[in-house]
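Letters are used for the chains, namely A, B, C, D, E, F and G, taken in the order the chains are written, and counting of residues starts over at 1 for each.
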Amino acid sequence: MNQIADHLPVLVILLPLCGTLLCPIISHFNINAGKRTVITALFLSIVCAVLQLIQVITTGEAIHYWLGGWAPPIGIEFVIDGLNGVVILLVAIISFTTALYSSPFEKLERIDRIHSAGYYSMLAFLSVGLLGLSSTGDAFNLYVFMEITAISGYGLIAVGEDKGPIASFRYLMTGTIGACMYLLGIGFLYAATGTLNMADLADRLTGLMDSPLIVMSAACLIVGFGIKMALFPLHGWQPAAHSYAHPAADPMIAGIMIKIPAYAMLRFFFCIFDEQSHVMQLFFNAIGVMAVIGILFGSLKALRYDTYNKILAYSSIGQVGYIAMGFAIGNFYGIIGAILHIVSHAFMKAGLFYTSGALKYKYGIHDINELGQVYRKMPVTSLTMVICALSMIGLPPFAGFFSKWYLALGAIEKGNYFYVAVLILSSLLGAIYFFRIMEKLFMGEKTAREKELPEKSRFELPWQMLLPLLTVVAAVILLGLFNAYIVNGVLKTTIWEVVLT
Amino acid sequence: MEIRNILTVIFMTAGFISFAASAIGVFRMKDFYCRLHAAGVCESAGLVLCSIGLLIYEGFNITGIKIFMVFLAVFIASPIGTHIIARVAYKRHLQVSAEKELRKEERK
Amino acid sequence: MITESLRPALAVGTALLAALLILLFGNRIKPNLREAITLTAAAIMAGLIFSMVPEVLKGNVLISNLWTIADGLSLKLKTDGAGMVFACVAGGLWILTSIYSIGYVRGHHEKNQTGYFAAFAVCLASAIGIALSANLITFFIFYEMLTLATYPLVVHYRDEKAKFSGRKYLAYTLVSGQLFFVAIVFVYVKYGTCEFTPGGFIEPGSMGSGIMCILFFMMTIGGLVKAGVMPLHGWLPSAMVAPTPVSALLHAVAVVKAGVFCLLRVVCYVFGPESAYWCSGSTILCWLAAITVLLSSLVAMRQDNLKARLAFSTIGQLSYIVLGISLLSAYSIAGALFHIVAHAFLKITLFMCAGAIFVTTGLSEISAMRGLSKRMPVTCACFTAASLGIAGLPLMAGFVSKFNILEGALIMGKPFFMVVLVAAALLALTYLIPVVQIFFGRENSAATLNESHGHGGRAGIDAAPAMLIPLVITAVIAIILGCIPNAGLHLYDMAIMAAEEITGGGGVYLAK
Amino acid sequence: MRIRQKQKLSHLFGLAIGLFALWILLSGKFEIKFLLIGLCSSLVISYICLPFLMIENPDSGKKFFVFGINYLKLFSYCLWLLGEIFKSSLDVIREILKIQMDYEPSIVYFSMPYENPMASVTLANSIILTPGTITIDVMEGGIFEIHALSKSAAEDMLSGDMPKRVASLFGETCEFKPLPELTVTGSEKGGKFI
Amino acid sequence: MKENKSRKKLAAGLIIVIIAVGTAAVKIGAFLPTIGDADTPANSYVANYYITNAVKETHSYNIVTAVLADYRGFDTLFETCVLFLSALVTMMVLFGKEKVPKMPVKNLAEDKYSAAFGGDIMDASFRIVVPIILIYGIYVLFHGEISLGGGFQAGALIACAYLLDRIIPSIRMGRGKIKEETALIIASMGAFFYVITGILPMFNGGNFLEFAKLPFGSSLAAESIVKLHTAGILMIEVGVTVCVMGVIIAILEVVLERTDFDE
Amino acid sequence: MSELIEKLEFFLADRGIYMLTLILFAVAVYGMIACGNYMKKLMCMNMMQVSIIFFFLTFGQKNGGTLPVAIDEVLSAEAYINPLPHALMLTAIVVSLGTTGVGLALLMRIKDIYGTIEEDRITGDGGKKQ
Amino acid sequence: MKTFFICYLIGIIFLTLLMLIPLFREKSVYNRFTGILVMCTNVILILVLIGFIDGRRDMYVDIAISYAVLGFISSVIVAKFLGSKGGNNGN
């Protein structure tokens, strides 16, 4: 470890991995120490992610980390460029805040050692999976990380609320189909090229783009990633999973677990396949159709529910459609929009689920009709809810507005006005259901609540829960105001050099 | 043809007959216990004969010993398995019968 | 001369900071301290804005180029003539409305005062931001901020009625905002810029006239909704459920003015008179405005609720400004700009009067206010003055602006619109003078004499000073501006300056 | 006490040597690395497994080592057993291939109270390995419950040849006693329902 | 009746699916490489490197092991983690908030013959198998690089030996039971050992899992580098074995605790 | 007709296994969707994973190739079948085992909660209908 | 000799496949189980035979041993399961 800086890409993942493996051991001796190990590891992971992103920005070149010291087509490599540097940082931040956020829940449920250690292990594994998913440069390695993510997701959903196991089982079924579809897609690619390294695949696929193998592969990958990111016709598992997952882990599950596959899809469809080819254009049109229907479907569905989590879950279906729409648009601004939306929606959705968890934590509220006057007792939670909701609707100056801005920019540049129409329609539908929630929150009648935690501290919630809420608020505002620094400073060169070549 | 090969063929053919017989037995026998007898033929006689055949073909070397060990492993393990399953069936009140009709009923 | 300066940004920032402070500490500190924050911020902001007036009059442009907010676009504030006119009005009136608000909410024992003052501050920040924005994206950000900040004010009472009008308000503003958004993106993609340029940057013929017309209306729809031009005015009367200072803010200072200002920016700084005329957008706008002017006056006559009558009056007067803008002549544009000022002072006076009457006597229906002048002589006098001003009587602020617009119509050779303008002025008399007549009528209704009304009304003469002083000040200013349009801040000069800039300095612009 | 420990140690090393031999047979490599690993793991495994490889006679409480057999005798026993297997295999195959199936399954009982449980185990396994007979249960007092496929197999069982050979293999002197009163034949209508 | 109908529907659907996919597969299949062809991209590019260099570079005669443990050792690390994770999830899922009450341990003497699993005496004979399976498991572990085998199989075999010992209820009820939590800790230690093996080269200027840089007194000689690779592979195989063993035992204990086989 | 048969023969010899694996895959997916019993669904899931594993292994097949365990140091690439699919599929097998294990655990839990693993009989359907 | 092994292998595979019939046709778990027992033994032989045909006996014999061990353990587990609550009267 002569120079830690050389190992940043792998340290980002190793730290949480060590945390998650040590957690059961340390918990055996001291339940709090195990928890703290995981939280510390996730925090250090953020530090590494930041350092690595800085390194990428300052050198202006992608970091290639050869695992096992084997050169790429032979071994597995991590490739960190501006694009996934941002995504990795996002995952690290949300993982850390979620882990921190989880700790008060434990006291609430008075759970034993095994449950505590297991919960944190699963959470950290989810983080490891997602970090790996965003770092790896190897197609098969991505599958392994995908499964790590998925299995920890199954666990976190199953240990959630009463319908958790059944939601988890559904997700398991669908998710495994998705993973198998991905594997099948990789199989076709491997048959065509003989390699699994992404960069190498891209090289060896030039001139092969019209081969039916690649067409099949792309089709399989759409289904695979589509399931994982809950893209419209493949979203069946998502509402139940997001509604019944463990309330403390839900922000992570809903916030980033469906975004990183979208990022991976971007890698495949733009960095590996030649997006200019005729075939890919057809696929992008298909994705566009899925996105459009998904956006409208998700937004309309969200109008029908009174359960807070359900509304958020269906809204995610719509929001994932935004990302897919960015891919379908496929030009510079479209991709910028998609990536910014991955990041901003992750924060927004995580924030909303943080508020959902806080409401459950403090009052046991699931239904938005019970929200009346809660804002008096929980101002920070309400503020987070409002800011995230406004950002979801796409109002300036919050993050959501700018991803929509870039998407619209891309769509108009491409001459696809229909997408723009869908975008604004979805914004308006979003406004309906979010303002409905806010109306209930600020103007609803105070209702009898299941429980009410006695106020022990000065704050409305324990600091471990407040910090994530405030982080998200800050992120949504800062991402909105300073998105141009990410776009110009980090993403622009990567997109021109790696994605759109 | 060497004598070794001829011996192998003979032993293995005998083994095959055992295997075939136990397969037929599993079809023809009346009840579970009787079928176990049929299955036992291939586990003991069949495998022994085939192993001897293969051993003769292979000669006495490390692989030969390993083939012998396969046969040994089956020899130690299979009676245990058979015993447990038979005992469980017996304790679970599975009928021991001699009547062909009973088997038909069982099928239904 | 263009100079980089932080002053425009600071003006906006002051109000935002005030909002943040109020929100953070509002519930923990004493109300007096909280109100001190508002007033201090208002004073600082007004000072900052007024301090920039001489620079602008000298022809200097102050620019705050803050940071890049989106790829290729920066958050940029700029002081030009038109913007400064609006900024001065908004900034100046904040102090008065704040004082008045304090009196009103205390007198009325309103709930949620912290949120109220915070939202008020954000509204003002947005209004100043709108006034000083140098490009479309900055403008849009403040525009949507204004929409959002107004919402809590509209639903202030949190009852079913408030909820309903809140929804209506959001429906109108958000839909139009989204269309505006698309249009902005389209313009940016098509022309590669979002900077406001006097005379516009969209060349006539750069796209089909039909498409350009659609684009024109997508861009202006945000303004049309906020300005309450007729088919899109539905939200405005509903929003009357809000407390009166809010109505004053909505109608006189921030929201509707932001709407017309938006139209001005779009018509004159994005499209430019030439393109606006070429795509026949301005012509349609003229007709819309003309119809609104007439119809709203007719509707206003039938309203018995004072605030509702004033609301329809606002709709009419705003369309007056719209008409001025869409006539595209330098006079009419200058007149329109100045009418922003004039109407602001006049209408705020009227609303403050209505509020003062409500707080003091609990009356909101005109028919119940017979003989009010005895109870509230000063208020009624101010109301009368402002009514005359709205009608455009000479020596009142309204006259200067209306005359300019009329002149524009004359120069542009549009006699029909001249007739409309004159008719509208007369119609304004027909719905406001009866109110005055009722105030000064001999017979008294029972309610006006009811001394024991509990809304902080004193047994003594007229309304509480916190309410009375601002409305007297605004009335006086309105009169002064009518006599000397350039008094104080040279708003009239700035309006003319802006109009000349837009039309190319020729004084008269012929879009033929 | 000391004798017992000595005995235990000899069991341990005996087992270890046995396992090591197995290791060598499996591995077939004589590199030092593999030999060392094999030796160490044999010792460790012996140490772990020894406690439960000592089987207690439930009646007398005496403990016997599972692998404590005379291997020479075992070898000859195995050869005999192989012969038995072939013989009875032929019988069973004949029963299977008969066009008209006329075998008569039955359950027979005999008692053979060995002192060494391993002897019971060996007998039971041998019975199972011999086609045509299956040990269903070994009950208290060394009562064996055997399912026999045919009359001849049942008769063979009741002849007591195999139990006696096992007894001599383990050096036991116990009495073989067929228990015909417990014998149930399959011809009883409805079968046996236990 | 109803069931019959739905079954027919299912069958009809199945036939349609088979026909549709069959047709599609014929189309795609024509473009897939010929089975058994040595010159396809899949069989010639990276794969040939492994075949020709594995023995030289890693001294692992089993090329699959070389690929699994060395060239793509990172995959295998997370493969191990998947197993650990699945044990963890299984535990978390089955130890629901309301634990299933444990059955009281019965007095075996009362019900010796029915409780005993293969008969009291026969149970003893199972134990003959345990040491044999154990030594075979160790053999499989350490010969993974020469012959078929490796950590996963070895771990499974060792766990199987434990399983045999564990599910034999007679005589020694309750002795030698590994608690599921302990098993999980063992599993995590196994996986952690793998990680440690990967981290060690990082102290010696190598990358993660770069066995050539393991800090075991290496010289630059090619031979010693190959030895280091062998050592690295062996170490991670041990880690994998321990992890797999712990995982299987943990799952087993959880399941046993709940289902309580012995009525 | 005979030409068609000839073609088919050629096809089956060269590529038939792909077809079979893909059909197996499709049938398994169909089964996962069509079966009402969760246990059957899980079994179909396993079948699907197995089909993918077969699919991969067919790529690595080489005529005349033997197990990828080197006999001697001297090596020619043609003598051994492709080790990469085998290595990958070992990982896939382990992953599928893990998934199945989790699935079984979930089923046990579901059985605890609902007393059944039939989809129709599990009321309060986890969000599909609400 | 190789031909003989191949023919033998085909024969054994045929027998193995034959055992699938009781596996699917029989209702009783126990009767199915006999089929599985025979199949297990057959598969062990098949593995060894493939080794002989392929020329890599050592490898395949190892696999066969593993298979025998696993087969044994799984039969024990099945018996355990049948002997517990999970196993009903074999129907």
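In this section, a residue touches a chain if its C-beta (ideal position, glycine included) is under 8 Å from a C-beta of that chain, and two chains touch if they have at least 3 such contacts.
Since the model is a prediction, treat every value here as computed from it, not as a measurement.
Asks: Treat touching chains as neighbours: how many steps, at the fewest, connect subunit A to subunit D?
Replies: Between subunit A and subunit D, the shortest chain-hopping route counts 2.
Asks: Write down the chain pair with more C-beta contact pairs when A-F is set against B-G.
Replies: B-G
Asks: Taking CA centroids for every chain, report which one is farthest away from subunit B.
Replies: Result for max centroid distance from subunit B is chain C.
Asks: Using the average of all C-alpha atoms in each chain as its centre, how far is it in Å between subunit E and subunit F?
Replies: 18
Asks: Mind checking the centre-to-centre distance between subunit E and subunit G? Centres are C-alpha means, answer in whole Å.
Replies: Using C-alpha averages as centres, the distance is 22 Å.
Asks: Report, in whole Å, the distance between the mean C-alpha point of subunit A and the mean C-alpha point of subunit G.
Replies: Centre separation, subunit A to subunit G: 46 Å.
Asks: Using Cα averages as centroids, what's the distance between subunit A and subunit B in whole Å?
Replies: It comes to 57 Å between the two C-alpha centres.
Asks: Where in subunit B do residues touch at least two different other chains?
Replies: Residues 22, 36, 38, 62, 66, 69, 73, 76-78, 80, 82-84, 87, 91, 93 of subunit B touch two or more partner chains.
Asks: Provide the list of subunit E residues touching at least two other chains, using ranges where the numbers run on.
Replies: Each of 28, 32-33, 40, 42-44, 46-47, 50, 72, 75, 79, 82, 85-86, 89, 93, 117-119, 122, 125-126, 128-129, 132, 136, 146-148 in subunit E touches at least two other chains.
Asks: Give the residues of subunit F touching no fewer than two other chains, as numbers and ranges.
Replies: Where subunit F meets two or more other chains at a single residue, that happens at 25, 59, 67, 69, 84-85, 88, 91, 95, 98-99, 102, 106, 109.
Asks: Which residues of subunit B touch subunit G in the complex?
Replies: Those in contact with subunit G are residues 5, 8-9, 12, 16, 19-20, 22-23, 26-27, 32, 35-36, 38-39, 42-43, 46-47, 50, 54, 57-58, 62-63, 66-67, 69-70, 73-74, 77-78, 80-82, 84-85, 88-89, 91-94, 106-108.
Asks: Where on subunit E is subunit D touching in the complex?
Replies: 112-113, 119-122, 124-125, 127-128, 130-132, 134-136, 138-139, 142-143, 146, 165, 171-172, 176
Asks: Report the residues of subunit A in contact with subunit F in the complex, numbered from low to high.
Replies: Within the complex, subunit A contacts subunit F at residues 140, 143-144, 147, 150-151, 154-155, 158, 162-163, 165-170, 172-173, 176-177, 180, 183-184, 187, 190-191, 196, 236, 239-241, 243-244, 305, 310.
Asks: Which bits of subunit D are touching subunit E when the two form their complex?
Replies: Spelled out, the residues of subunit D in touch with subunit E are 15, 19, 22-23, 26-27, 29, 34, 37-38, 41-42, 45-46, 48-49, 52-53, 55-56, 58, 66-67, 117-118, 120-121, 124-125, 135, 137-140.
Asks: Going by the contact rule at the top, pick out the subunit A residues touching subunit E in the complex.
Replies: Contact set of subunit A toward subunit E: 1-2, 7, 10, 14, 17-18, 21-25, 28, 65-70, 73-76, 109, 111, 113-115, 118-119, 121-122, 125, 128, 132, 138, 140-141, 144-145, 147-148, 151-152, 154-155, 158-159, 165, 168, 188, 190-196, 204, 211-213, 216.
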